[in-house]
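One structure, pasted below without further comment.
As written, the chains take the letters A, B, C, D and E, and residue 1 is the first residue of each chain.
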C-alpha cells in the first residue's frame, strides 16, 4: 500500500542537502538515451553511464538526455555538475516528490507522475518523471523500466508534425503531454471496472464485490493525490514568466492544462461514484437479508402453529386420546391445519412479502 | 457508462497536434446548413460536404454554418483553412472536451454540452457542441443527429424578435441560450423521477428502487460534470474583453449566466437529495426488517413454550401418563397454555411491538 | 416537489427576449396598490389593472406601486414602458429566478423569495418578490395571494418611525427587511419540528419519524437554495456604488445582511442536524432490532434443548420406555430441564443481555 | 433546543429601527457596575438603574460601565443618548446577534458569546456580551446572571499586571480575552465527555450512549455557530484602522485571535470525532447483533436435526416401533445424535464462529 | 485523549500577560545545551539552569541555546530578559500553541509540534518546539525528554555539509527540517497499521478491528490539527520579508514547505481511507450476518416441514395409527421427507444461497 507514498524516510539520517540514493530494488538496468536533433538532422545514442561532461551543443540543435531506471548517483552528479543543477533539485529527482514545477532562472524543473497499466492484471504502476528544461536542452529522469516517451521519440525520428521545427520548450511540452495522455488510458480501464462492479452490486453482491469497491476507492484516492498537484504544476508552467518558454508553446500548455482538468473531473466523479457504490452495496445486502429473513419467517410462522397442534394431539392425555378415536378426528385436524396455513399465507401476501 | 467521459483515448498514438477522427459509430449522415442573413434578407442552404472555401460575406450580412453529425474530417479541415482556425481548435472540436470558452483574437471558441431527453425511455444523450464566433460569421459543430438549434433557425427565418437586427454575437448568444434552456427540460424530468422514487422509498422499498436511486445519483454526477464548466465558460464569455462581443449583448449573456447558476443550484440540491434518499432507503429497509423479525419473534416465543408443554405431556413417562388419565388433565393443560400465550402477548403489547 | 424549482420550462419554445406568461393556476385576483407619500401627506389607491402611464410624481413625494398576484402581462408591459424597464427584467419578473440584485443605472432590480407559513399545516409557501428601485419610485411584484408588506404599509400610513422622512431607498430597505424577517418565523417553526422529531427518534422510532426526517432534510435543501443567493443579493446591494442608495441607508442594509447570515447559520446547523438525525435514527432502529433478536434468541435457546429432551423421552424405543416406568423418572427429567434452563439464563445474564 | 438560535422573532411586528425588549424570563435583577480608574486611583460603584447622563471623565481616567442581566430598556436608552450610540447598535444589544465587530467612527461595537458551564449538570449556557469601546470609556452589556468579567475586575482593583497603566482599548482586550478563555474550560469538559462515550461505544453500546453521542454532536454544531463568527470579529478588530486601538494593543489582539483559532481547531476535531463515533456505534451494534445471531444459529442448527430424529422415532409407525424394541436401538440413536451435534459444532468451529 | 489539546485551561485564573508555568508532571530533568560555532570552531556546553545573562557573541560565530524538558520559569525569564523577548512570546512558549511563525522585528518566533514514535507500542507523543531566530543566535525550547535535534547537532560537530558555513537562519531551517522529517517516519508506521487493518476488515472483521479503525481515524484527526498550521507557519517564514532570513536560505525553506504539503497529502489520503475502512467494515459485517442467517434459514426451513410430518404421524389419532400399521408406511414417509428436503435445497440452490 505504501508504494508511491512515503519512501522519503530513507533520507531521515542524512543531512538535508546531500543526495540520498534510491533503493536498488526499484531499478532495472539503467539506460541513458542521448538525442541531438535540429530541423535537418537527428542523432541518437544509447549509453549506460555518464562520467565526464558532454560537450554542449551550439546553435539551433537541441539535446535531450533521457535516463531510464535511474539509480546510479554518479550519473546524476555528473549531469548535475555539467548543467549546473542545484543540489536540492538533484535530491528531489532521487526522492519521492509531489508533482511540481519550479523556476531556477537558468532552467525549469518539473516533476510529474507517469502511470503504467499492466495489460493482464489491470494494476497501476506509478513512475516519477523529472524533467529539466534548459536553453536548448532537456533532461528527463525516470525510475521504472517502462518507456512513456516512446511515441515522442518516434515522432522526433520520423520528423512527423512540427516537433523538429520547434525549440526545446516544445519537446518538454510533448513529454508532459505524453504523460498526461497516459491518465486517459488508466481512466478508461477504471471505467470498465466500475461497470463490472456496478452490475455485481445490484445483482449478486458478495465479499469479492466489497473488496473490488474498496480497491477502486483506494486507487481513486491515490490517483487524486498525484493528479491535483500535476494540474498545479502545469498551471504554474503555463503562467510562468520565463524566457525558456515561447509564447506559441503556451497555447499548447493550456491544452495540456485542459486535459489535466478533464482527468480531475473524471477522477472526482469516479470518487463520488465509488462512495455511492459502497452505500448501494450495503443497501443491496440489507435487501438480500430481508428476503432471507422473510423466507425464514414465512416457513416458521406457517409451521409453528401446525407443529404445536401435532404435539397437542400427540400427548398421552387419556381424555383426548379417546376423542381421537373417532373416524372424523383425523380429517378435522388436517382441515384445521390447512386453515391455519392459509390464514398465515394470506396475511403475508397482504403485507406484500411475496 | 463511459459515454461522455473518456473517448479521448483514441487519440493516444497520435502526435499531440494532429486531428484525430471521431469514431464512425457515433454518427448519422452529416448535414451542413449554411444560413446567410441580414435584417432584410434570409437565405438557407443544406449541403453535404465542404471542399473549397466559401466566399466570405461582406457588409452587414451574417453567415452561419451549422454542421450536424460531424464526422468527415475534410469538411472541418476545409472550414478551418478557410476561416484560419488554429489546429488545436480543430482537434478540440473532434475530441471530447470540457465546456470552455477561449479567445483566439480573430475568433472566439466555445465548447458546450447539449442534452437531449428521449421522450420514451427518459434517457439522456449528451452532445458536444462547438461554436466559433468570428467577425460576421458563426460556425457551429454538433455530433449527434438531433437539432438543438431548430427554434433559433425558425426565429431567424420568421424574423421574430430582434435576432435579425443584431450581429453575429447575438446569434452566438441565441445558440448558447437554446443549449442552456435544454437543461431545464431535463431537470423537470429528473424532478418527476425523484418524486416517483421518494414515494417508493417510504412505502415499498425494493431492489428496483435501489437501482433507481443509484441511477439518479450517477446521472447527477455526470450532469454536474458538464454544467460546472459550462457556467465557467459562459462567465468567461461575459467578462471577455473582445471587440467581437458588443456591450448590449453582454446583458443577454449575463442572463444566460444566471440560468446556468440556476441549473447548478438545482443539480446540487438534487445531488444532496439523492444522497438522503439512499440513507432513507437503508433506514426504510431496516424498518421493514424490524417488522418482519417482530412477527417471527412473536410467533416463536408464543408457541415455543406451548410446544414444549405438548412434548412434556407426550413423553412415555409412566408416572405422568397415569396422572394424565384424569378427566381434568386436558382442560388444565389447555388453560396453562392459554395463560402462557396471553402472558407473552401482553409482554409484547407493553413493549409496543404491535 | 418541483414547486419553486423549475417552472422555467414553459419558456422553452419562446424567443429568449420576449415575455412569457405565468401559468394562471398560480394566481388569485391581481391587486395593484399605489401609494404616494412624502413626510407630510399619504395617499393610497387600490386598482385592478394598468393600461396607460401614471403621471410621475415630482419633487420629494415617493410613489410605490405594489402588484400582488401578478399575472396579467399587459399591466407589466404598461409599467415597463412607463418606467423604461429593460425587457430582460420584465421577463425575469414573470419567470422563476434566483434571488439577485442588478444595477441598470436608472434603476436597481432585486429579486427575493418570501416565505409564508401556513398556521395549520406548518407548510411553507415560496413567493417570488421582485423590487425595482428607481429615482423616487419603488415597484414591487408578487405572485402569491399573501401580503408580506402589510406591516411596512401600516408604518407608512401611521408615519411610525422614520420611514416617511426617508427616501425611496429606505422604503426598498424596509420591504427587503420585512422579507428577511419572515425567515426567522419559519426557522422558529422548523426548530419546533426538530425537537418533536428528536424525541421520537430516541424513544419510538417508526416509519412516520423517517418520513418527518426526510421531509425536514428536503425543506432545508430548498430553503438553502433561496437563502444563499439572497445573502449575495443583499451584499451586492450594500456594496453597490449607485446614487440611488444613500450612505445612511447602507448601514441599514448591512443590518439586513447580518440577518441573512444569521438565517444561513441556522439553516446550515439544521441541515447538519438533520443528517445526524437520520444516522441516529438508523442506529436507534439497530438498537431495537438487537433487543427483539435478543428476546427471540433467549426464548429459543432456553427451550430448544428442553424440547429436544421431551422428544427424546417421547420416542417409542422399548428399552427407554421401560426405564421411564420408574417413579423417579419424571422428577429427574424435570430437574434436568430446569438445570439446562438455568444454565442458559445465567450465560445470557453474564453476557449482559438482560 | 432553540436556545441561542432564533429569539429574534419577537421583533417581527416592530418597525426595523426601534428597540425591541428582551423577554423578562431571561433576566435576574439588573446590576450596573461603574468603574473609574487611572494608574493611580480606582473607584467602583454598583447601581441599579440609569436615568440621567453620567458626567464624562476627562484626562487619563477611564470609565467602564458594565451592565449585568440587562433588561430595562430605559437604562440602555439613557446610556445610548449619553454616549451617542446609533439606534441599530442599541437594537443589536437587545436582540440575538451573531458575534461581530463594527466600526462606528466614534466608538467600536463588538458582540461576542460567553459560555458558562454548570458544574453539576455539565450543561452549557450561552450569554450574549456586547462591548462598546469609545475614547476613554468601555460599555459592556450582558444578559445572564453570571460574571465572566470577575477576574478582570479583580486585576483592576489590585493593579496586578499592566492593565491600570494602559488605555481603554487594553481593557476591552482584557474583557474579550476573558470571554475566549471560557471556551477552553468548556472544551476541557467536552473532552472528558468524549472519553466517557468512547469507552461505552466499544464496550457496552446502548440506547443512552446513542443519546450522548447525538447530544455531543448537536452541542458541537451550536458551539461552532458562535465560534466561527467570533474568530471573524476578533480578526476584524485586529485589522481595524481605528485610532481607538493602539498598535501595542494589537499584538495582544493577535494573541486572542490565535486562541480563537485554537478553539475552532478543537471544535472541528471534536465534530469529526462525533461523526466517527456515531458510525463506530452502528458498527459496534452490528457486531453485537452478529454475536447474538450466532448463538441462536448454533443452538438451532445443532438441535433441529436431533429433534427431528426424536420426532421420527416417536411416530406411531408399526414397522418402526417393532425395530425400536431391540435393546441396541436406544444407544444407536444416541450415538447418531451425538455424531450430528459434533459435525455441526466442528463446522461452526471451522468457520470461526466461536 | 485530551493530550495535545487543551492544557491552556491552567492559565484561566491568571492575568492574560503573565507567564503561567507548565505542569511539573510533563517534565524530566531540564537540560540546556549551549553551542557556539563558526566555520572554524565549535564549542558545546551542557548546563542545568540560567540565572544571569550570557555574554552575546560578536562577529561571525553563532550561539544556539537549546532547552530540553523546559519547566523552570526562571531560566526562561532570564533568557527572555537577556535577548529582549516579548512577554507574550514567553507565555506562548510555556503554553500549548498552534504551530505558527511570527515576526517581532528583532527576532522571529516559530512554534512547531514534533512527533516521537515509541518503537514498541507504536504510540505517538507530541512535543511542542519553540524556536527563536535572532541575529546570530537561535533559541530552541522543548518540553519532552527526547532529542529531535540530535542529528543536527552531530552534523554541526562534524562540520558535515554546509551547515557550519551558513548563518543562524540556516541552523533554524535545519532544526525545522528535522522536525518535519519526523512526520514521514510516523506516516510510514501508520501506513503499516493501515495495511494490517485492511486485511482484517476483509477477512475476519471483529471488535478489535473496529477499535483499530477508530483509533486510526482519531490519530489522523489529531495529526491533521498540528500539520495544517505547520504548513502555514513554514509558508509564512518562506514569504517573510525579514533581514534575518537570507535569500539562499529561502530555497531550502521552500523545500521544507514542499515536504509539509506532502505530509498533508498523505494525511488527507489516510483520513479518507479510514472513513472508507469504517464503511467497508460495516458492509463486511453485514455480509457475515447474511451468511450466518442463511445457514439458520436453510437448516430451519429444511427441517421444519419434516419435523411437522413426524409430529403428524406421532399423533394418537386412532384412524391414522391403523393406517401406519402397514409395512409400506415407513418407507413412504421417509420418501416424502426426502422429497421435501430436496425441494427446499434445490430452491435455495437456485436462489444462489450456497
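We adopt the following convention: a contact is a pair of C-beta atoms (placed from the backbone, for glycine too) under 8 Å apart; a residue touches a chain by one contact, two chains touch by 3 or more.
All values derive from a computational prediction rather than experimental measurement.
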Touching subunit B and also subunit D, the following chains: C
Neighbouring chains common to subunit C and subunit E, by label: D
Interface sides of subunit A and subunit B: same vs different residues, half threshold: different
Whole-Å gap separating subunit B and subunit E, where each centre is the average of the chain's CA atoms: 42
Between subunit B and subunit C, centroid-to-centroid distance (C-alpha), Å: 26
Set of subunit B residues in contact with two or more other chains: 279, 282, 286, 289, 293, 296, 300, 307, 311, 314-316, 320
Ring walk, subunit D to subunit E and onward: D, E, A, B, C
Partner subunit A, residues of subunit B touching it in the complex: 1-2, 5-6, 8-9, 11-13, 15-18, 86, 88, 92, 96-98, 100, 204, 206-207, 210-211, 213-214, 217-218, 221-222, 224-225, 229, 278-279, 281-282, 285-286, 288-289, 292-293, 295-296, 299-300, 303, 306-307, 310-311, 313-316, 320-321, 324-327, 329-330, 333
Subunit B partner contacts - residues on subunit A that touch it in the complex: 151, 155, 160-163, 173-174, 177-178, 181, 184-185, 187-188, 191-192, 194-195, 198, 202, 251-252, 255, 258-259, 261-262, 265-266, 269, 272-273, 276, 279-280, 282-284, 286-287, 289-290, 293-294, 296-297, 300-301, 304-305, 307-308, 311-312, 314-320, 352-353
